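What follows is a single structure, written as structure tokens, with notes after it.
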Amino acid sequence: MAGKGKSKRFRLRRHVRRTPPGAMPGTIIADPTMPAPRIRAIAYGPAGFREYDITSLGELAPLRGQTPVLWVNIDGLGDAATVTGIGEMFGLHKLALEDVVNTYQRAKVEPYTDHLFIVIREAVATGKPPELETDQVSIFLGDDFVITFQEKAGDCFDPVRDRIRKNQGRICQSHTDYLAYALIDAAIDAYYPVLETYGEKMEELEDETIERATKETVHRIHAIKRDFLIIRRAIWPAREAVATLIREDLPHITPECKIYLRDCYDHLIQLIDTVETYRETGSDLMEIYLSSASNRLNEVMKVLTIISTIFMPLAFITGVYGMNFDTSVSAYNMPELSWKYGYFFALGAILATVIGMLVFFRRRGWIGRPRR
Amino acid sequence: MAGKGKSKRFRLRRHVRRTPPGAMPGTIIADPTMPAPRIRAIAYGPAGFREYDITSLGELAPLRGQTPVLWVNIDGLGDAATVTGIGEMFGLHKLALEDVVNTYQRAKVEPYTDHLFIVIREAVATGKPPELETDQVSIFLGDDFVITFQEKAGDCFDPVRDRIRKNQGRICQSHTDYLAYALIDAAIDAYYPVLETYGEKMEELEDETIERATKETVHRIHAIKRDFLIIRRAIWPAREAVATLIREDLPHITPECKIYLRDCYDHLIQLIDTVETYRETGSDLMEIYLSSASNRLNEVMKVLTIISTIFMPLAFITGVYGMNFDTSVSAYNMPELSWKYGYFFALGAILATVIGMLVFFRRRGWIGRPRR
Amino acid sequence: MAGKGKSKRFRLRRHVRRTPPGAMPGTIIADPTMPAPRIRAIAYGPAGFREYDITSLGELAPLRGQTPVLWVNIDGLGDAATVTGIGEMFGLHKLALEDVVNTYQRAKVEPYTDHLFIVIREAVATGKPPELETDQVSIFLGDDFVITFQEKAGDCFDPVRDRIRKNQGRICQSHTDYLAYALIDAAIDAYYPVLETYGEKMEELEDETIERATKETVHRIHAIKRDFLIIRRAIWPAREAVATLIREDLPHITPECKIYLRDCYDHLIQLIDTVETYRETGSDLMEIYLSSASNRLNEVMKVLTIISTIFMPLAFITGVYGMNFDTSVSAYNMPELSWKYGYFFALGAILATVIGMLVFFRRRGWIGRPRR
Amino acid sequence: MAGKGKSKRFRLRRHVRRTPPGAMPGTIIADPTMPAPRIRAIAYGPAGFREYDITSLGELAPLRGQTPVLWVNIDGLGDAATVTGIGEMFGLHKLALEDVVNTYQRAKVEPYTDHLFIVIREAVATGKPPELETDQVSIFLGDDFVITFQEKAGDCFDPVRDRIRKNQGRICQSHTDYLAYALIDAAIDAYYPVLETYGEKMEELEDETIERATKETVHRIHAIKRDFLIIRRAIWPAREAVATLIREDLPHITPECKIYLRDCYDHLIQLIDTVETYRETGSDLMEIYLSSASNRLNEVMKVLTIISTIFMPLAFITGVYGMNFDTSVSAYNMPELSWKYGYFFALGAILATVIGMLVFFRRRGWIGRPRR
Amino acid sequence: MAGKGKSKRFRLRRHVRRTPPGAMPGTIIADPTMPAPRIRAIAYGPAGFREYDITSLGELAPLRGQTPVLWVNIDGLGDAATVTGIGEMFGLHKLALEDVVNTYQRAKVEPYTDHLFIVIREAVATGKPPELETDQVSIFLGDDFVITFQEKAGDCFDPVRDRIRKNQGRICQSHTDYLAYALIDAAIDAYYPVLETYGEKMEELEDETIERATKETVHRIHAIKRDFLIIRRAIWPAREAVATLIREDLPHITPECKIYLRDCYDHLIQLIDTVETYRETGSDLMEIYLSSASNRLNEVMKVLTIISTIFMPLAFITGVYGMNFDTSVSAYNMPELSWKYGYFFALGAILATVIGMLVFFRRRGWIGRPRR
């Protein structure tokens, strides 16, 4: 429980900004707890590709302009100097770089004079048991370069890297915009397995709520609703961002690329559709939970009422024959006590009461129909 | 119960994509569990019509261009080669073909250079007891061809086929757009009997909730609400798609056809209206259910309270005369026990208590007014 | 109850379409259960008016073109031939005629080449007790004719007929559009008395909920909410339709007429306002009902708790002195039984307990403050 | 209670129209229960002002055109002839005059050929205890006149009259539009003290709900929510109306005046903001009320359970020693009865039971922690 | 409690306007309870800066025009003369000045002929325990001046002052619009720490609701929801205001500045996102609270039912053997009483009943599974 509380706390704190209030815009303060950056570059074009593992920024400068596309990927934002250095090398805007290190950005598209700045959030499940989080992916798209920043090393870009290596599809024949599309698409595709997992969880929770709801169930419903809120907050703005790329006439996006982005937009719509359905189901589960709690109470109360209604009259009968009226004073004082079959008479009265009550309850449908 | 759980599971999983995340766009991976394709073609025009049952793609090629309209219908998507082959033959876009086999698409209209791609979902009830599902119908509309893909063999296009055969109405005199309209209209018309069935279910459920609600009722309300959610998710996007066909100036849609599409749009609005009314009624039923649960609890508690309130004082009276005070010690020790009519006195006190209580409950309206 | 269930059923079924799915658009299938048509015509202009009761369609043809305005009103849609015949005579579009006989249309305005097709729904209360329904009024507006179809004979057009007869206001000096306005306005005005009736019902229901709620109350609230839903579904689209007439530049609507339509739009806004207020009040009533059910339960439980709390200790006291310890064995065995005032001591203990409990309950506010 | 019911009824009936359904548009039927009209005129301009108390319409005609602005104010709509007479004198449109006497209009702006017709509702609290109502203020704005109709004599225009008399601010130097603005602003400003009163009521109700909720509380919450609904329905349309005056290019509104109307619009936004906040607080109160009802039930049930759980075992113990087994038959028959300290043993068992139960309840937190 | 009530009251009253209803627009009435104004000016440009503490308005006049930017900051609005004086000196519009002293304005942007008037609300937590409030910041932006009014001395502008002093970033090289941006940004940044505090509170409340909910919990949830309502009402309009500055072509805002304002807009979107998430979580907490109240009731009722169901049959058994039938009259009268092991037989029956009941409850899952 304590562990869960802590991870929750972490998640909520994330939305708080690192740059101090009132600081100069464009101030870049790295989070020292983040991993140190690892820089990888791929320079490619129709003629082929080359991969580089960059250890100092100096190695990066000569690569630019050699091939139609240079893709630089930085995993880990723990070092402000690296971010600033790359920003200066490629002429990236200071405000955009500030957003790169403040990794609480919503998905968005911001056009600057000679590059586009795109933010997308990708779904990541870390820890034991897995905790859902969304990590920020920052993409700079220029005429001859694509620069991507990820909070920590992830594997969602690997399929794209593979397609470049294998010269698969049209990626190597295309401009930087197609690479940016492929990266956005890969980040968004990563939501599908996450939602599949949640679909399974949801079904289990549904079974649990209907068949064996406990006190914990309501917290599980609450937790899953919150996770859907996190996913929703990540993909709704992504939809707007991709719509902006399609609709607006941005300098770095070619018309051919827009057909592919429309496909990506479609995926986002489907994801949103699924999340909204799950959210509605979540609210329904809460309703079912409350109604079954009320049913359980009804059942408990029926047991109590049946027991009381049967045994209270019985107790009364035995009470009557436990009274100490002096039978010797008068023949009117509890003559039953001296009847030969007085005891059987009393037991008979008791039996009649029990049967009467059972008939009454059966008519009301409180007993005899199983699992009502 | 287990069976129900499984079908539910299936329904939720459907929304998950088959193409692996990060795969090259346009990758076509068929679902091997789907039925093998059956291809039927009708070539027609004002001069007449001919029908073909196609067993190999080679038979299909020569049919094109012979008549003003060639309609190819493929039932079953179990074979990727067929889909790819037809796509190449008619120059269909790869992204659209990918959507054909990933049968979780929302209804939509996508213009490509020389054809329109239209997706509509049709309502299908399969299994025992019938489970509502929506199947994807993919329509490609070109200058001289209409190609339709259905997940599995359905009969909703039969009336259209009949109209062509009988040269009924204006269908044989019209362009491909009129055929596409007729197919969309047929798919949408198929929702009417489905909604009629649900209307009957809803009325039964309403009677059940009001008159004989049980624990299962809440699950039935939940299940029907979920089915309406499925229908709703199928027809809202269809409305948008048809509105796009009417509003936008698409190359393959003639103005005469738009009057017919407007009629189709009207039907969608009516369907949506009906579904929304049912959904609201569903929420109302939940409220009624909860209020009747609370009424039942009230009733149970009244029975308990009445019984307790009557018998507790009686038990007290019998308890008093069951005390063992020594009447021989003093005349003040329970002299009633030795009265001549002591027993009758006690019974009288008991009767008076019972009558007093009954009057009290009657005044409160707890008893004597039936079915309150 | 059964009768109510049946009428409900009827109401829900209405929304289902008569034309079979996939039928050729423009198929006109009359509902044989509907009344046979009664045709009345008024031909009028500034010069005067003449009324005709038409028994065969042949009588109708020569009337056209004799006066500036010819108004043909058909009550009852039981005969497809009449509808088709009139359609051909005035050149009405097949799709519009199909909508005339499928009397589940939402209010709408559809421009065709040489006429406008307008649908409005009017409120009708039929049966015993009155059941709310909305009937479809179909209006065709041409250059020199206005044709109206009503599901069954109603009297809501009588005031318009009277105004023509008395040459009142500007109706006889105006074009067909003014007549169409007058008819729409008359149909909409008919909602006012209906809403007045519902206002009274609502107030009664409010009093009932607050002062004497029973199990039936929740069903009454449910029923009235459903009726408001029906009214709402009839007048929201009417508002859109009238707004279309005002806003769009339709060939048959003159600018002078738009000032009058604006007035009609205003009435619709007021009706909607009133319905929405009633709907919100309906939801509030449900909340009040639930809270008063919970209050009643609280009250019942207090009675039970008070009775139990008073009599259980008493039963304990009498139980103690009913124990059979052998007082002769030892002086420590229930010496009270042999006290001179032992019985009074026990009765005193009982009295003290009762008083103590009453004080306790009074302090808690459970008794002594009336109607809490 | 009856009195309250009646005033409620009156409020709801107000929304019903006086003109009979289907009547000729522009029919003016005065409500005879309304006060007789009192007509006051102020003619003013930069050169000064003169006030007139008009007793017959004939006195009014010569005043027009003498000064830049003639403001005629009519309090009371009980006489149709007055309304019609003024309408003819100033050329007011019949449809607008019909709206003047049907005092259930929403706030609106309607441009006619040579004048603007503006409706605003003002808040009025009448009766004992004060009942909130909104009265209709109808304003006609022409080139050289402003005519205002009020349902009954109110004082909300007095500050404007004073500003004219004292030649304060720019009112006497301005056109008729500035006067209309000043009147609208005065009517809207009158909502501020009303909302202040409701703010105080709301706080009292909040305290009541949290600290001493009774059955009446829920009705008070319901009543205040309904009053906010009335205010809301009055000021939302006013916002739209003022926005229309600002945004649209109406002939009688000068650009200088629009800056002032913008200020007025701002006030409306603030009023709406406040009302919406109160409405949300009202819904929260309902939730708090329900949760405290459930808390009270919990408390009642705990008392019952504690009492039962303590006394039932005690009753069992005393019951055991009240059994009449014949101790003389065998030494195994209730030997405790003949023990020397048998009675103390029984009392000890009773005491131990009580202590054990108290410890159990304390551990559960049911007793000993005050005000849980 | 009383203290809390009072502060609440204060908060609600704030929204009420100070200028009397119907007063001349532009009337400036200062609130005497507000602090006296303290005026500070900074004149700066690329060449350097100078700071002034102004004690009389006469000192201020000569400063204007000496440097590209003159920033005058007034803390405290207790003196109407100061506001009027500054207004006249810089030609500020009377309506804007009225809004400065009526400190209940929503955030907004109003263009006047030669200056922009911007209102932003900043979050302030005062008192013990801290009470959330929002204070109004009024900004006038002219060609060569920025004038800011704050309700009371705050420190949120200090970082901006520091940046001017240190000539940090581009502030000293820029126009007045950049200063206005920096001030707006600083006011908005101040919401971040406030939301961080509320995030912590929310987590504590979540733990409390789930683990140890008491009666007070519901009031705490209510209080925090109300605070989020206050924040929300402050930042939603701010978002609109900043969007207006970006989107509209206002004379005093340069295109370069708009890139910075876009960043500020982004921050507002994030703040809104966070607040909305918290609000949804607040509603969820209420649901959890209610469900746990219902769980607690269930638990209480189970204890009662278990106890009753066990002890009532026992009481019956003891009652039977407490009956006084005369065993001497007949051998059929309670022969058990005279059995040798009669007492053990009775105790055995009791034990069997207890065990049977425990098995029954265990099977139902009411006992034996901890913390259900």
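Going by the order they are written in, the chains are A, B, C, D and E; count residues from 1 in each one.
Keep in mind that, in the parts below, a residue touches a chain if its C-beta (ideal position, glycine included) is under 8 Å from a C-beta of that chain, and two chains touch if they have at least 3 such contacts.
Owing to the predicted nature of the structure, the values given are computational and were not obtained by experimental measurement.
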item: Chains in simultaneous contact with subunit B and subunit C; value: none
item: Equivalent interface positions on subunit A and subunit B, same or different at half; value: different
item: Distance from subunit E to subunit D - Cα centre to Cα centre, in angstrom; value: 25
item: Centre-of-Cα separation between subunit D and subunit A, whole angstrom; value: 41
item: Subunit B, residues touching no fewer than two other chains; value: 290, 294, 297, 301, 304, 308, 312, 315, 319, 322-324, 334
item: Sequence of chains encountered when the ring is traversed from subunit D in the direction of subunit E; value: D, E, A, B, C
item: Residue ranges of subunit E touching subunit A (in the complex, touch as defined); value: 156, 158-160, 163, 168-169, 171, 185-186, 189-190, 192-193, 195-196, 199, 202-203, 206-207, 210-211, 259-260, 262-263, 266-267, 269-270, 273-274, 277, 280-281, 284, 287-288, 290-292, 294-295, 297-298, 301-302, 304-305, 308-309, 312-313, 315-316, 319-320, 322-326, 329-330, 332-334, 366, 371-372
item: Subunit E contact footprint on subunit A (complex, rising order); value: 1, 5, 8-9, 12-13, 15-17, 20-26, 93, 95, 98-99, 104-106, 108, 110, 112, 214-215, 218-219, 222, 225-226, 229, 233, 286, 289-290, 293-294, 296-297, 300-301, 303-304, 307-308, 311-312, 314-315, 318-319, 321-324, 327, 334, 336-344, 346
